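Okay, so chain A shows up in both of these, paired with chain B first and chain C after.
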Partner chain A sequence: MQMDLNFIAFVVMGLAATILSGVMITRRWPVSAAMVLIAVMTLLAGMFGLLEAHFAAAAQIIVYAGAIMVVFVFVMMLLNLPPEELRYGGVTWGEMVLISLGVLVAIVLGTQVGQGLLTQGLESMGYAPGQTPAHAKSLYFAADENVKNVAATMFVDYLWAFELVSFLILAAVIGSIVIAKKRSAENANAA
Partner chain B sequence: MLTLPEIGLYFSFLLFLVGLAGVMFRKNILFMMVSVEILLNAANLAFVSASKITGTIDGQVVMFFVMAVAACEAAVGLALIIALYRTKASIEADDLKALRG
Partner chain C sequence: MEGTVGVVTQFLDSNIGLVAALGKIALALVIALQVAPIMVWVERRQAAFIQRRIGPNRVGLFGFKLFGLGQPLADTIKLLFKEDFVPKQANKFFYILAPIVTAVIGLVAIQGIPLAKEIVVGGHTINMQPVNLNAGFLYLFAMSALGVYGVALAGWSSNNKYALLGGLRASAQMISYEIAMGLALLPMVFIYGTLDLQTMIAAQSDSLLFGVLPNWGIFLSPISFVIFVITMFAETNRLPFDLAEGEAELVAGFLVEYGSMRWSLFFLGEYAMMFTLSALTTCVFLGGYEIPWLSQTELVALLTPIFSAEPATWVASLIGLTVLLAKTAIFMFLFVQARFTLPRFRYDQLMRVGWVYLLPLALVNVVVLALIVGIMRLT
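Entry: the complex of A and B
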């Protein structure tokens, strides 16, 4: 019964997230799209929680629904676009045809090729579907110590990647300031 | 009967499709960037599901890195949008055909 409830909740959240992202990309106003995207992020956080990735769920809400979306909404407000700038007229018929073709191809690929590839890839790594593999690092996967396990992996096996990502963030911060800052008077006169 | 993480992989597939449609069909650069966020989230869901399927934690660590890269991408991309709006007074991709600054 517990498993079934998890299952139903997972499927409902996944469907809601997919439908809401479809709603999001057809909004006319950027701010309402951002609000719908926050709902999508929160639903995804719930899915991560059901997959027992508790740290991922918390980080999803704090970093995505909190920080990144605030930056998005901030820029939308800063631009203060006039309504005539938003020339979106909804989904056209050509787009509808293209989208349904794409969904068809995607379903065929996903059910025929994707499942086979997944099983094959897992088997080649020694995993059997639906069971925890024998050589999985049991140290790294105790369900009630998710944060500890993520930290242990991140700061031991992935230390280099972690440090490189911190440099990437530094570069992004400097780069975004340089790109977005107002041009000085002499530059404006020269241009 | 599919297990939870396998369904998660299918949902990540669907989310990726929706995000891809957003990047391809919207002409507004703000919407293209928001759709890129959906693409990254679909990848995150796939990573977490794979981490659950294989019983290892590496997928969740990589998902955290993806999140950091997404933050960088949002910062730089939005700075570019501000700079573009300042020079062209428009954020429609069609108005930026020249790409000569």
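Entry: the complex of A and C
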């Protein structure tokens, strides 16, 4: 953790992402909240890049900030609901409980207590003391070939998980087409 | 004096990574910022020649007419003096942010283009690609994915129904063609076995077909090249895909409420994105900064007897940069030529081309090339 430019940039990005996440949940306009969320995701991608996970950084921006959030922003821009129609009342007791739980989890995870809890079972899995899953146990390629390592690990170690997830995504796609078609068929019958 | 020079040299020596990075970023920024004025002049003159007229040829510099090269300067000064307004009841923050997003994304995307191979300064070898992630050209795709927001925000924040429709249609067009663009480049990743642009360029300096053709990507996979060029036009909202900013259809679409320097910031971003995508095309399909049949290492070896070892790399990099700019200029010429030759697509035709024609063609191309490359690797 030397005080070099990487560390400073990481801390700045982390602080900015945390503050912007708080800003995001307090916006009046939905589009403003969406834009702040895109900024948070870009900062997260930057942090991934600083952690040498270059593929995750590029994929985060291409997929999450560049495709998923675009769809969010489309819907919000087309609906264009003003803040007066969106707010249903003051902060409820349930919201207060959830917010305080969230703050508690953040404090626990961010300090040594939480880190110790998270890394308890790692030694039995073969990690050296002090090593976390951020350092891979054994890489298929050299340590700076991030994309090749991700691809090799995904298609050799976790091939079952990959194929099952792709089935899940296929089911979601088919489900969305079915929902969209059903609505237009009902409209056609009603007209 | 001696002590100062020594201190400066020592500082540069120990922080060479940071200094080199800043220098490369500055160089790429200079290139990106100069593209817009030059392209404004090129576009107007080339459009004039296509339309059998002359175009701007009077505004020169220092009393010389210079084929109208002072015209972009005059345009910029005029735009700076125009009234700067924000429409009433427009979302002021996003109205101001949208052209900034477009311009910044254009300037940031160009940082992923390898400008030359490498230079050797004081014993340090500096790779001449400003941003060299392991994820290679995925960085450029990420930036062009973020460029969608400039257009969408401009349309929504202008408090104008035409602008909103134009902005949303442009964004939908851009994300539709991004898919075909990525799929068009996927076979090139199979062939070269890497995402890194400089490795791809180095692999293109051999020759193909018994020395008749250079080993360029355009000869290895012409269908990928065609698909990529078509999607490149759609990504930058240029004719024949410029329905979103088309003058006759939607009054200038998402740009309708923008004037003066905000408007020119949009065009700065658009021209920078055009340049970036054209440079990406030359890197993947036309051999990048390398002269055909002559790789950079051979060039450096040729130049070392004339200059000494380190200046030979500088001269070779300068030659490489010139070659890259010349090849990119071919595509910029193509952009302008297509703009004033082809009619515009209607929006449903545009979406049909992207989803029904280009996407299956790109997928079939991926499958066929994967089979070919796989069989060639196994035998």
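Here, the second predicted complex is superposed on the first by the 120 of 191 C-alpha atoms of A that agree within 3 Å, B and C clash if a C-alpha of one lies under 4 Å from a C-alpha of the other, contacts with A are read in each partner's own complex, and residues count from 1 in each chain.
The criterion applied here is as follows: a residue touches a chain if its C-beta (ideal position, glycine included) is under 8 Å from a C-beta of that chain, and two chains touch if they have at least 3 such contacts.
Since we're looking at a predicted model, the values are computed, not measured.
Go through the superposed model and pick first if A:L101 touches only chain B, second if only chain C, both, or neither.
neither
Please work out whether A:L78 is in contact with chain B alone, chain C alone, both, or neither, and reply first, second, both or neither.
Once the two structures are laid over each other on A, A:L78 reaches both partners.
Is A:I8 touching the first partner chain B, the second partner chain C, both, or neither of them?
A:I8: touches no partner chain.
Name the contact category of A:V147: first (chain B only), second (chain C only), both, or neither.
Touch status of A:V147: second partner only.
With the two complexes superposed on chain A, say which partner A:I174 touches: chain B (first), chain C (second), both, or neither.
neither
Just to be sure I read the superposition right, which of the two partners does A:A67 touch: chain B = first, chain C = second, or both, or neither?
Both partners.
Now for A:I38: first (chain B), second (chain C), both, or neither, which partner does it touch?
Only chain C; A:I38 stays clear of chain B.
Figure out whether A:L159 sits in contact with chain B (first) or chain C (second), or with both, or with neither.
A:L159 contacts neither chain B nor chain C.
Residues of chain A touched by chain B versus by chain C: which partner has the larger set?
B
Both chain B and chain C contact which residues of chain A?
Residues 55, 59, 67, 78, 146 of chain A touch both chain B and chain C.
Flag every residue of chain B that touches chain A in the complex, lowest number first.
Going by the criterion above, the answer is residues 3-11, 13-15, 17-19, 21-22, 25-28, 30-31, 33-35, 37-38, 41, 44-45, 48-49, 51-58, 60-61, 63-65, 67-76, 78-83, 85-86, 90-92.
Which residues of chain A touch chain C in the complex?
5, 29, 31-32, 35, 38, 42, 45, 49, 54-55, 57-59, 61-62, 65-67, 70, 73-74, 77-78, 80, 144-147
How about chain A: which of its residues touch chain B in the complex?
6-7, 10-11, 14-15, 17-18, 21-22, 24-25, 27, 30, 33-34, 37, 40-41, 44, 47-48, 50-53, 55-56, 59-60, 63-64, 67-68, 71-72, 75-76, 78-79, 81, 85-88, 91, 95, 99, 102-103, 106, 110, 114, 118, 122, 125, 127, 129-130, 132-133, 136-137, 140-141, 146, 149-150, 153-154, 157-158, 161-162, 165, 168-169, 171-173, 175-177, 179-180, 182
Along chain C, where are the residues that touch chain A in the complex?
My answer: residues 18, 91, 93-94, 133-136, 138-139, 141-143, 145-146, 148-149, 152-153, 155-156, 164, 167-168, 171-172, 175, 178, 195.
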